[in-house]
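Sharing a structure here in C-alpha cells format.
So that you can tell them apart, the chains are marked A, B and C in the order they are listed, and the count of residues begins at 1 in each.
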Amino acid sequence: MLRWVPTHLPEIGEAALQHLVLVVVSVAIAFAISLALGIWSARRPRLYAVVMAVSGTLFVIPSLALFALLIPVLGLGAKPAIVGLVSYCLLALIRNVALGLRSVPPAVLDAAIGMGYGPWARLWRIELPLALPLIISGVRIATVTVIGIATVAAYINAGGLGTIIFAGIDQRFPEKILTGALLASAMSVTADLLLSRLESRLRAGGRA
Amino acid sequence: MIRLEAITKLYPGAPRPAVDRLDIEMAEGTTTALIGPSGCGKTTTLRMINRMIEPSGGRLFIDGTDVTGLDPVLLRRRIGYVIQQIGLFPHQSVAENIATVPKLLGWPAATIAARVEELLTLVGLDPARFRDAMPHRLSGGQRQRVGVARALAADPPVMLMDEPFGAIDPIAREKLQDEFKEILRRVRKTIVMVTHDLDEAIKMGDRIAIMRDGRLVQHGSPDEILSEPADAFVEAFVGPDRALKRLSLRKVDDLLTPGEAAEAPAIGAGATQREALARLIDSGAAALNVRDAEGRILGHIDRTALLDRPETRR
Amino acid sequence: MTLLAGTFAWMAANGRTMMELLGQHLEMSAWALGISLAIGLPLAVAVLRSPRAAGFAIALVNVLRTFPSLAILAFALPLLGIGLLPSVVALVVLALPPILLNTYVGLREVDPDLVDAATGLGMTRGQMLRKVQLPLAAPAIFGGIRNAAVQIIAGAALASFIGGGGLGDLITAGIAIMDVQRLLAGAIPIALLALAVEFGLAFVERRLFGKRLEDAR
C-alpha cells in the first residue's frame, strides 16, 4: 500500500519541518502582538471591544482569500503566509490574555498594591503568572487552528505539509494526500496534548 | 383517594430497598405530609405515585383503580406535580406555563384562556399583570404560585408536592404556607407533600406519615403524632418541644373564658395557643384578653387554663 | 487604489463569469449546509439518550476536526472524483462538527429540573423535545449553524482545487497566471461573503435570542 512514503522520507521530513517553522514563527509573532494588545485592552472595555471586532473580522476571512489579498502587497512565499497565519491567531490569543488578566481576583490585586507593588511589578510578578494557564490555553487554540490553515499556505509557495497534499491533488495520488493530512493531524493532536498538559500543570501549580 | 399496597423500590446493587413494602392510604380531599430524615424514602415514595420512578413491586390505586399498569404519561396528566426547584419553563410566559397540561390534553384555546385567568386569581396573582410576564421577572414566591397553578390547570384529583416551599426564602415562606393551605382547602384535592420540616408538616398536613429506612413508622393526625409518638424514633424526631408544637395546632378561641380580665394584654382571635403562651411569658401577666378584628373583647384566656389541661400532661 | 479600480473594472467586464462562479459558490454552500443540518440535528437528538453513543460521536467528530479543511477536500477527490458532489460531501464533513456538538451540548444542558417538571406534567419524550428542550437549546444550535456556515463559505473557496468551481477558481487562476486583478476579483468577494454570513447571522442571532441572552444575565 505504501509505495511513495518509504522512498521519500527526507522530502516528507523537510515539509513537516517547514510546516512547524511556519506555525511556530506565526504563533510567536502573534503572541508578542497579543500580549501587548491584551495587556493594554484588558481593563479598557471600549478598546477591548474594538480589538475583538478587528481580530474577529480577520478570523472570519477565509484563508485562501486572505493569502490572495496579501499577494499584491507581499508577493508569494513565506512572508504573506506568516502575516496571514498571525492574523488568525490574534482572536484567540488576545481574548485569552485579557480573560486571564481579568480572572485575577481583585483581592489579590488589592493585597499586591497594599504591599507596595508598582504597576509593572504587579503585572510581571502577580497578574501574568496568574493569567498564565488561560494564556497557554489561547496559545493552544491558536496553534491548533494555524496548523490546519498552514496547509493552504503551500499554494502561495510557503512550503510545508500542504505541498504534499497539493502534489497529491495534482497527481490524483491518494497516498500523498493522506500523508500530508495525517501528518498535519498528528501535529495538531500533539500540540494540543502538550499544551493542555502544560496548561493543567500550571493550574495545579497555581493552586499549590 | 390514593392507596399504596406493599409498594417497594429496590435499586439494583443497593443493600436494602429504598422503599420497603409500604402500605398507606390517603383519603380523598386530605393533605398528607410525608416526612422523615434524608434517605428515608419519602421522595422516592412520592415519585412512585406518578411513576417518575417505577416501583419494583406492589400496587398503586388512585380512586380505586389500579394504575400500576397504566401508561405513565397519561397517568401524569391526571396528577398535579409541584417541585422544590419549581421548574417553570423560562422561554414561556406565565400563561403558557400554566396552560401546559390543558394544551397537552387538547383543550380549546378559549377554555384554556379562561382557566388560566381563574387559576391566576386563585393563587393570588393579578391576571392582567402576570399573564404575559416571563418567569425570570417573578420572585420565588410568585414563581411557586405559578408552579401550583400549573399543577392545578387540568383540575387533577391528585397533587404531588415535593418540598414546595424549599426554594422560598424564610420570610416569604410562612405567608405562602398560609395562603397555599387556604388554596388547597378550597380546591379539595388529595395531596401528598414531601417535607423535611416538621413545623411545615404540622401546619400543612391533615395527616402526617413519618418514614424511616424505607418504612412507614407512624401515620396519623398531627395531634396524634405529637401526643402519642409510636416509638422512641418518632419521639426523638418530633423533638422535646412537641408540647409547644401541639399548642400551635390549637386556637385561643378554644380556651375562652367569658368576660374581660383586668390589666391583661390583648391577643387577636384566631391566634394559636402557642402565641398566647409567648405573650404571657413576655408580659408576665396571668391572663390575656381575646379581641376580634373590630377590637371587641370576646373573653379572656387564663394562664392556668393554658398550662393545666389534662391532654397536655403526660 | 488603481489596483482596486482595476479589479472592479475586471469584475464589471467579466460580469457573467462572476455571477456564474458566485452562483456555484452559493449553491455548493447551501447544499452543504442543508445536508449537514439534516444529518447533524437528528444525530444530536439520537445520541442524547445514550451517553455511550454520544461519547463515540463526539470522539469521532473531534478526530475529524484535527484534519485540515484542505485535507478533507483533497480526500474527496480520489474517493468521489471531480465536480459538485465531492465538494459538497467534503463541506458537509467540515460543517458537521459544529452543528452536532452545539446541538448536543445545547440539548444536554437544559436544566434537569425542567425535564423533571415536564415529565411530571405528562409530556412524552417527543413533546418534551419540541416544547422544552429544542426551544431552550435554540441559541446554542443557532451558534453552531453560524459557525458551520462560515466554515462552509471558507471551505468552498478551496473547492476550486478539486474542480468544485466557485469563486476560488478566480484565485487559483489568478495565481497560476499571476493576474492580480483576477486574483482580487475572487478574493474580495469571498472575504465579503464570509463576513456577510458571519455578521448577518450574528445580527439574526441577536434579533432572535438577544433578549433572552440579556435576561439570562
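Following the convention adopted for this analysis, a contact is a pair of C-beta atoms (placed from the backbone, for glycine too) under 8 Å apart; a residue touches a chain by one contact, two chains touch by 3 or more.
In UniProt terms the chains read B = ABC transporter ATP-binding protein; C = ABC transporter permease.
Every value quoted in this text rests on a predicted model; they were computed, and no experiment measured them.
Averaging C-alpha coordinates per chain and comparing to subunit C, the farthest chain turns out to be B. Closest to the middle of the protein, by Cα centroid, lies chain C. Centre-to-centre, using mean CA coordinates, subunit B is 53 Å away from subunit C. Spacing of subunit A relative to subunit B, judged by their CA centroids, is 60 angstrom. Distance between chain centres (mean CA atoms), subunit A to subunit C: 22 Å.
With touch defined as above, subunit A holds no residue shared between interfaces to two or more other chains.
Partner subunit B is touched in their complex by these residues of subunit C: 111, 113-114, 116-124, 127, 131-132, 135-136, 212, 215-216.
Residue ranges of subunit C in contact with subunit A, taken from their complex: 3, 63, 66-72, 74-75, 77-78, 150, 153-155, 157-158, 161-162, 168, 171-172, 174-175, 180, 183-184, 186-188, 190-191, 194-195, 198. Interface of subunit B with subunit C (complex): residues 50, 52, 73-79, 81, 83, 85-91, 100-101, 104, 134, 136, 150-151, 160. Those residues of subunit A that touch subunit C in the shared complex are 57, 60-66, 68-69, 71-72, 76, 144, 147-149, 151-152, 155-156, 162, 165-166, 168-169, 172-174, 177-178, 180-181, 184-185, 188-189, 192.
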